[in-house]
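Next up: some structures, all given as structure tokens.
Consider the two complexes below, in which chain A is the common component and chain B and chain C are the respective partners.
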Partner chain A sequence: MDQALQHLVNGTVLGGTYALLGIGLTLVFGVMRVVNFTHGEFYAFGAYITYGLIVLGGVNYFLALPLATLAGVALGALLEVALLRPMRKADIDSVMLVMIGAMLAMQNLEMFAWGGVAKLTPNPFDGSPLVFGPVSVLPLRLFVLVVSVLMLLGFWLALERSRAGMAMRATFQDPETAALMGVRVGWVNTATFALGSGLAAASGALLGPVFMTSPTMGDLVGLKAFAIVILGGLGSLPGATLGGFALGFVEEFAGGYLSTEYRDTFGFLLIIAVLVLRPQGLVPARERIG
Partner chain B sequence: MLRLDGLSVGYGGPLALQDLSLEVRDGELVSLIGANGAGKSTTLKAISGLLKPQAGRITWGGEAIGGLSPRAVIARGIAHCPEGRRVFPQLSVRENLEMGALLRRDHGGIAADLAAMCDRFPRLRERLSQAAGTLSGGEQQMLAIARALMSRPRLVMFDEPSLGLAPSLVEQVFAIVREIRAKGTTVLMVEQNAMAALQMADRAYLLEAGQLVQAGTGAELLASPEVRAAYLGG
Partner chain C sequence: MSNAPWAFVAALAAVPVLVPNPYVLAVLTLAGIFVIGAISLNLLLGYTGQLSLGHGAFFGLGAYASALTSLGFDIGIGFGLRLRVDPQPVWLGFLMAILVACAFGWMLGRLAFRVRGAYFVIITICFAQVLRMVALNWVELTQGPMALISIPPVSLWLPGLGVVPLVTKAQTYWLVLAVGVLAFLLVRQLVESRIGRALIALRSNEALARSVGIPVTHYLVVAAVVSAGIAGAAGSLFAHYMGIVDPDVFMFIYTVTMVIMVVTGGKGTLWGPVVGGLIFGLIPDLLRGRAAPELQWVIYGVAMILFVMFLPRGIVPGVQSLLRRRA
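Showing the complex of A and B:
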């Protein structure tokens, strides 16, 4: 029982960052109908920028975190303007090919810049765990959870309660009519891609001190992000949040009780199970944004 | 006043609209009629900036507005209520109305207009927080009209507002269009229901296959043998 509680806590920590990752990918798919293969690379980008700022730049972790997120936003905006904007009228296959090319380029640039050896961002916190009854949590993990939940809440509030968020949701649903209302749809596309990339970079930056950062980590993370989005029902933001936590729990419980080595496998088994039993995903279609 | 001079618009293939000239004077209700595919919606989309003209001029109060973005056009007081209602299905009724006022900054005025729309369309008031996609077809059309008015336009363009509605609702929609004009807003209306559109119009234009074939007052077109034969059932 105590062990289960412990896994529950660890799964929640992981789930929060997975939810950020899934929401970023869902946004880009929902608004722009772009299958974003670079998403995992933005996660790696965030992790590397954090590492570089702390280890090479001597920057404090708590400052490096927002800086890495902003760097992700800026790179996302650049990529959208340079690659996606000229292809707005292209068919989906061409756009996918371009995105795969961008992913390979980003991954190889990371390899070139940082070398093939995995890096570990120094833990800014004390290494001894906080103990709450039967459960113990490393301060770093608690921090990761608090920040991801705050980011999820902030994102949700901005989307649901601000005019810009309303314009963005309207653009998900009907870009042409949104344009008639005065929405600058091109600008919304850039902002969406930048925001989605920023969320991926933020989760990479958050988890930098938890997992090792390596140039190929984007592959696995990208796959997981797609898994989360599919779990949530392709194009649903509440679904992506739920999918993120579901994946976090499955990995944590299966990793703990069944096999640590195959922990990543269980997440994908879950997706196969969901696709067979509930092909529409966890959240019903009427709540989809697209 | 809105003027089109020699307007041609296409979608990449053959021109959907060729050398169209028309005008809408302040305070008028002008109808644009024609069969399916005649180019009526294309005309409205060119005016509202969704399509770029390939040739010709669009002027609004003397200013050339052809090729401006939809945002720039609505900011100049021209609203476009699109064919098929096109409410945002997952936004609430209130949010749909707020989308209509997206470019306005006078928060007090927006709140007052929202209240006025609720008075005019009581069914919308009852459903303000409901997702627009759950409204009936008639309610969605009312919402689309109200949303277009939320920008406080000087000219509002309706694209087939009666499409797919039950006869009693069609009457209601036309009554609303007349009322909008009576309150001083200029109206350009596209309709397939030629009889009603010509009866209520000050002036009307008939399009066929992308070209203007007749223009005149509503009464003149109603009396024209060609119009009667082709569009009014003899």
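Showing the complex of A and C:
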């Protein structure tokens, strides 16, 4: 029982960052109909920027996090304007191919810049776990969870309450009608992609000190982001949040009780099962956003 | 024009005689194996229009099936039972590679073709990832990250000589060339048949193809099985040529390499994967020593972006229309 509680806590902590990762991907798919293969690379980008700022630049950890997020936003905007804007009229498969090319280029530029050796970002937290009765959790992980949940909430509020959020939701539902209502769909797309990339970079920045940062880590993270998004239903924001926590729990419990070696495999088997049995996902994107 | 392809094959067959340089032959052999992979992927990506991003999985399955058959294995299969296979001749491994790949191609086809577009793509990626994790973790069968080593080279029964192992570079080169020609002819035969016309019809307009009574999913599964079988054969050649197989053969990057070959060469054309495969099969060796290996992949990525944006139909159709305009 105590073990189950501990798994529950670990799963929640993991799920929070997964949700953050999934939201960005599902937002980009929902608004732009783009399957974003570079999502995992933005995660790696955020992690590397944080590492570089802290270790090479001597920047404070708490300042490095927002800076890395902003760097992700800027790079995302650049990528959207350079690659996706000219491809607006192309079919979804061609856009996927372009994004795979971009993924390949980004990943290997990172490898070239940082070398293949994995790096661990230093953090200011105490290394000894906080103990609450039967369960224990590292302060760093608790911080990661709190920041993830705050970011999810902030994102939610911005989408629901702000004018820009309304433009985004309108484009999500029907780009043509939104354009007729005076929404500048081109800029909404750029903003969406920048925001999605920023969220991925933020997850990378947050998890850099938890896991190792390596150039190829974007691969697995990108695939997991797909898993999260598909679990919840492609293009569904509540779905991505739910999917993030679901994947966190599945990995934690299956890894704990069934097999540690196959821990990452369960996520993929789950995607295949969901796609075959319930392709609309756990939370079908009916209104698609909000 | 009709003789040009055979002249091309004859020229390729003459290379070991004219240029008896083992380095050149090794590079061409490896490029040839990837051309076979690209030819098989083209059947799905080019002719049916389904972006299958798990294709490397069939290549890897073929490599493992062939290597394990020729090395033999002894594993527990539950209930205290053991499955023991003694080392078998390599040609049997080659057949096993094709059979296993076909079986998985059928299974994946039946599962994945229930959905289309982004969903299909993601299922195929996950399929390859699951196989990679199995190859990494089922150490009793696959040796995991320690890799399968000392895989014997291909042996072939030749009239008058009996069974001879193909040990020289030239012999392996000719074998890969022969399998490549067979794969090309098989795909051509299929594409020019009733099945091929059905595939092209469903690529252009699936709803219309369905409405005139074409059993779309059935034909898609047939294409997936044939495509997987050819990729399995390429994987088998790869395993016996390299002598070592590790779980990295299932990595996304191998599939992406084949996709780049097909897209740049010209998807949905018979010669596209050959041209693209030769270009991107030879680039790594042209760059060796001049640029870091990471930059090679950056070039691949940028090439894919540029081709999709500016020459989406690929090199072969581009050159063809250029020739036609001049004529």
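Here, the second predicted complex is superposed on the first by the 284 of 290 C-alpha atoms of A that agree within 3 Å, B and C clash if a C-alpha of one lies under 4 Å from a C-alpha of the other, contacts with A are read in each partner's own complex, and residues count from 1 in each chain.
Heads up, the rule we're going with is that contacts are C-beta pairs under 8 Å (C-beta built on N, C-alpha and C of every residue); 3 or more make two chains touch, one makes a residue touch a chain.
For clarity, every value in this text was computed on a predicted model and none was experimentally measured.
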| item | value |
| --- | --- |
| Superposed model, chain A: greater residue contact from chain B or chain C | C |
| Contacts of A:Asp93 with chain B and chain C, given as first, second, both or neither | second |
| Which of chain B and chain C A:Gly127 touches, first, second, both or neither | neither |
| Common ground on chain A, meaning residues reached by chain C in one complex and by chain B in the other | none |
| Contact set on chain A toward chain B in their complex | 163, 166-167, 169-170, 173-174, 176-184, 286-287, 289 |
| Touch list for chain A against partner chain C, complex | 29, 35, 83, 86-87, 90, 92-94, 96-98, 100-109, 111-112, 219, 223, 226-227, 230, 234, 261-262, 264-265, 268-269, 271-272, 275-276, 279 |
| Chain C to chain A touching residues, read off their complex | 49, 51, 53, 111, 114-115, 117-119, 121-123, 125-127, 129-130, 133-134, 136-137, 252-253, 256, 259-260, 263, 292, 294-295, 297-298, 300-305, 308-309, 312 |
| Chain B residues within the chain A interface of the complex | 48-50, 69-71, 74-75, 80, 82, 86, 88-91, 95, 98-100, 102-103, 133, 147, 151 |
